[in-house]
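Each structure below is given as structure tokens.
One chain, chain A, links the two complexes that follow: it is found with chain B in the first and with chain C in the second.
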Partner chain A sequence: MTSARKKPLQIAPYVFVLPNLIIFIVFIVIPAFANFYLGMFKTSPIAPPVFVGLANFRYIFLIDDLFKRSLSNLFSFAVFDVVAIVVLSVVIGVLLNQSIRGKSFFRSAFFFPVLLSPVVVALVWGWILNSRFGLLNATLIWLGFKGQPWLLQPDLAKAWTVGVHVWATVGFFAIIILAGLQSIPETLYEAAEMDGSTPIQNFFYITLPMLAPSITTVSMLSMIRAFEIFDHVYILTGGGPGTATMMVVQYVYRAAFELDQQGRAAAASLVLFVILLSLALVQYILGRRQESV
Partner chain B sequence: MSRKTSLPARVVIYTVLVLGSLIMFVPVFWIALSSFKGLGEIYLSPATFFPKKWIFSNYSEAISQFPFLRYLWNSIFVTTTATILTLFINSLAAFALSKYKFPGRDFIFILMLATLMVPVRVIMLPVYMMIARLGMANTLAGIIIPPSATPTGVFILRQYMLTIPDELIDAAKIDGAGHFQIYSRIIMPLSTPALAVLTVFSVMWRWNDFLWPLIVINREKLFTLQLALARFRGELVTDWNYVLAMTVLSILPIAFVFVFMQRYLVRGIASTGLKG
Partner chain C sequence: MRKVIILATVLIMLVPLAAFATGATETATPESTVIRFTWFTDGPDRPAIEALVTEYMVANPAVKVELSIVPFAELNQLLNTQASAGQAPDVARVTEPYRFFDYALDLRPHVSSGFGAQFLAGPMQLVTTPSGALVGFPHDLTMNGPFINVSLFKQAGIPVPTGKVSWETWFELASKVQKATGVPYAVAADRSGHRLDGIIQSFGGSYFTPDGKSLNLSSPKTVEALRYFVQLHKDGVMPLEIWAGGSGYVGANQQFVNGQLVMYVSGNWQVAQFASTIGDKFEWAAVPNGYNVQSGGMPGGKFVMAFRGKTDPKEVGKFIEFLSSKESVTKYASTAMFLPARKDLIASGIQYPVRTDVMNVFSAGLGQMPATSFSDNYHLKFGIVANVVRDRITQAISGEISFEEAMPRMQREAEELMK
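Showing the complex of A and B:
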């Protein structure tokens, strides 16, 4: 059918793409443009929208401390989250790639939280970390230490949002690393061993360089997902204590649906959009460079 | 890998793996155990690990006390209809984009892929306004329809369908098959592996989805399980013994997917980096 035979214009393919295309246009393309438009209006529940140009951006960047705080919370969350995920997924991937017993058991152990909903993950960890009734403090007390207010103290809460998100997602990235490891030709290791290379040398001179494309994928994907973070943190801490763990998506959600500040919500989500778009572009460029090598 | 590892190395490897598995399993295991505790024991400080007294009625009472079955039904309805819709419209589009040559085809394909750059959470407000204008706010259709056309779905199905030989289609045409028959009798049966991967992911996305239902729904009657569970966040006054039982019940379908469909998941992630 893809041959170049002369045919009258067919209607069938247009009919087939139509349902998908309508949904894409109505629920993604139009809203994406509407977002720019919304960002330039001031809305209120009682008055009609007023054109305000870039005032919403000026407001979120210069006047509203909360947006800047959620942006800086998001950046520090993303940095720690991505570093932890890259390091741990490589460690887990390498360990799972050894000739060990119970490989599929261990693989399942690291992978299964990927399937849990963010709501369940956050509820489970909310109980574990509960300062009075939680398992973690009970264990610490049993070992002779003092319990900590894990989610009530800002720095501890920030650390745990990263910890819980890493716990929930690292298995997904370990699978990508594992697939990368399994594509490294065994002959490279055999040759190196004949030259007397140690396992440590193998890791740094063969495994890591050969794994570079997978590590790039993991860093970029985990970064994009970190910047989109909402569910886990919102349910675990509600953005608190205070605003210590409020992220940009929560800021947008709050402005749009709780405070009725649609213009500001749209402006804030455009900032996030620019961040995500730049990350996607970087990923695309890195991907192409790796292909051409 | 078949290379041999030294004994000390093996000790280190197993220690790390066992400790790691404990960190992964224990939190969920403890919650499962706690779902059999009485309310008094749940609010014991410091917490116990195993229930002192096993209370199985948490489950039966959770089901009768909360409109649990309603939430469950809403979740099942959203997950199945959304998955069927996703499979149907994405495979139709993928079929057109892989097996026909028509003006505008490449533009349409690129447009669909470009929407990957615009995750719903970046445009949640205008999408919600669109839903509201179409009268789909506070309806299950409002949850189901907008995310049903997925660029990743179209992409993996199209890549798979490209590998189906055109000769099969030509032969069917000679036998007088129409366009839709070619789709339903030839393309779909041959695309089963790719459809399986998309099914598993769609079920997971939909069952676990939280933010979009949170935006669309505010009538309790229409809550999905995730919304119902999330509502109890941080409330110490609620009957947590029931909530914990509900949490465990909400994991069961996913556990089923995990046991029987793991290979499709792993294949999907390893080959396309599909979001879990």
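Showing the complex of A and C:
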């Protein structure tokens, strides 16, 4: 009697997750495998797909300068983006943790850009940075300086893609740091004060080490976000000038929809998939380690 | 009871999925023939085609034409999905018929003999399959060409030249007008490999050899034109923000409409919009494409094609003949302000509701384009090769790489696409 009652209870959880599982399998797992399969074909709208083995992978790694360029753009973007986000989120988090007037206002102000759609952020910054009619150049000219082609010169455009993305996302990461700061026991600072430590020593010997788990989280999350970047950059610069800010997702888009090379696009997206999967695994392992500590 | 609740919950959650899977189905009225007609609209053509469909149904009470207007961005994907599922519409307006040759209806047994001869031969190639089947007709044509702000020329005291004028002369004059009037832009061209080919043609160059078998990107004339185009940006004659400041297609409509641009290389599809938005703000006109060793310009256009399906092909053929008739094309092209692809209408001209003078400049240009304009535009790989040229030339314009570095990379990437 008892075992007969237990049986449906064991099935029930699986039945409840079934709809989500079906969606996950249909829209994530099957497309991932199909993507790998598609990556081994040369496609064309005017001819049936032709099996080419690993030729698409060979082409993107050995021949196509644009794929290498998009990968290099992505890595340099990720490095500068993550470093800037980690440093600024710690600085902003520490500042927002001070007992100052208008603390709530400043916390809201730094978090506000996170609420904006990437499209809005990129369009607004695009207007600000427009070389002829933008607010920034108008201000510079009014102050007696010369306007700059902010988004039309490759190095400047690269710098602004990082700057705009950091502006739009750092508030989110600062909140993570702030939560980490608020979980540091006050007694540690009191004990250090009794031993005569300075505020700078407190920061380097108490705050930073105690913030290590939060900083790790911020680093990993910001890195995953950086490697997924598309909308901010695509709308701000369109990957230009030239291909100076073209990222891998845009390369995939161009190959699939502008050159009709779905096989090549699938191969490139598989490379991005491997990068993101590796980062997610690192994050998972670090998270498990922190839990065990 | 618990089992029933669990089962009901799961079924409720799966219902939306089932709805996605089945999609909407149409039921035909049993007593009438239903022709499913898919159309994407450029804007002004919508009332024109709706009027023609209504006219056809009034004249043929036993036929119901179901007109579906779809966004252009979704057209190819939609038609591909429908066709591969055996649910293609009977007739559709498309830009690249070759994408659907596998599902197309051969119209030859269902239309009058000699059908197709009334249209320009170049565009007709695109609705003729490699096996010779005739699957549609060119419905309307577009033509690349420059617009000028005549008011700015007058303000600068520089007369607008007539006759055969080279691109160099046009651009030199536009620069003088810009300096004299203080407007920000002298010349801008749409960021498009198609528009760029229009300029290349006037230098005697092209993307493909006339037989279409190989690329012509490294020919001296093509290289000369491309180098000239890059130099225009380096010299500040063309602004960086159109070609270097974006991806995909970028136009300079706003700059021209706002009176900030002296010369805009675009095409006749802008005429209706310019007529309504510029109004009396300033005087503008279309001028012939630049003439270097020959006249430049590129054709373009939309096609109406038929798909295989359950509908009686004779009825489909009859509808196609109606849409392609001289009367229908005249009504359609004059309302939508497009150029006709029928030879008789090109010869006689069409009276448009506004700016017939401007449309006539483009009509006249159709007959002056070199043969390679047509062979390039109707090459099956034109779209993708044009995108490669556009992107590689942008790299040289932006200074990311030199022109000498850009050319072999362009050649290599385009060659890969030709395989």
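FYI, the second predicted complex is superposed on the first by the 278 of 293 C-alpha atoms of A that agree within 3 Å, B and C clash if a C-alpha of one lies under 4 Å from a C-alpha of the other, contacts with A are read in each partner's own complex, and residues count from 1 in each chain.
Keep this in mind: a contact is a pair of C-beta atoms (placed from the backbone, for glycine too) under 8 Å apart; a residue touches a chain by one contact, two chains touch by 3 or more.
Remember, predicted model here, so these are calculated numbers, not experimental data.
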Which superposed partner A:Asn56 touches (first chain B, second chain C, both, neither): neither
First, second, both or neither for A:Ala12, with chain B first and chain C second: both
Touching partner for A:Ala179 - first (chain B), second (chain C), both, neither: first
Touched partner set for A:Thr43, first chain B, second chain C, both or neither: neither
Chain B versus chain C as contact partner of A:Gly238, first or second or both or neither: both
When both partners are placed on the shared chain, which of chain B and chain C touches more of chain A: B
Which superposed partner A:Ser89 touches (first chain B, second chain C, both, neither): neither
Which of chain B and chain C A:Arg132 touches, first, second, both or neither: both
Which superposed partner A:Asp65 touches (first chain B, second chain C, both, neither): second
First (chain B), second (chain C), both or neither touched by A:Thr161: neither
Common interface positions of chain A, toward chain B and toward chain C: 12, 16, 19, 23, 132, 238
Of all residues in chain A, those that touch chain C in their complex: 8, 12, 15-16, 18-19, 22-23, 42, 45-46, 59, 63-66, 130-132, 149, 151-154, 234, 237-244, 250, 254, 258-261
Residues of chain A touching chain B in the complex: 1-4, 9-10, 12-14, 16-17, 19-21, 23-24, 26-32, 34-35, 38, 91-92, 95-100, 105-106, 108-120, 122-128, 132-135, 137-138, 141-142, 147, 167, 169, 171-172, 175-176, 178-179, 186, 189, 193, 199, 217, 221, 225, 228, 230-231, 235, 238, 249, 252-253, 256-257, 262, 265-266, 269, 272-273, 276-277, 280
Sites on chain C touched by chain A in the complex: 2-3, 6, 9-10, 13-14, 17, 96, 98-99, 101, 184, 240-241, 244-248, 250, 380, 383-384, 387-388, 391, 394-401, 409, 412-413, 416-417, 419
Interface residues, chain B side, partner chain A - complex: 1-5, 9-10, 13-14, 16-17, 20-21, 23-28, 30-31, 34, 42-49, 88-90, 92-93, 95-97, 99-103, 105, 108, 111-112, 115-130, 145-149, 154, 166, 169-170, 179-180, 183, 204, 207-211, 215, 226, 229-230, 232-234, 243-244, 247, 250-251, 254-255, 257-258, 262, 265-266, 269-271, 273, 275-276
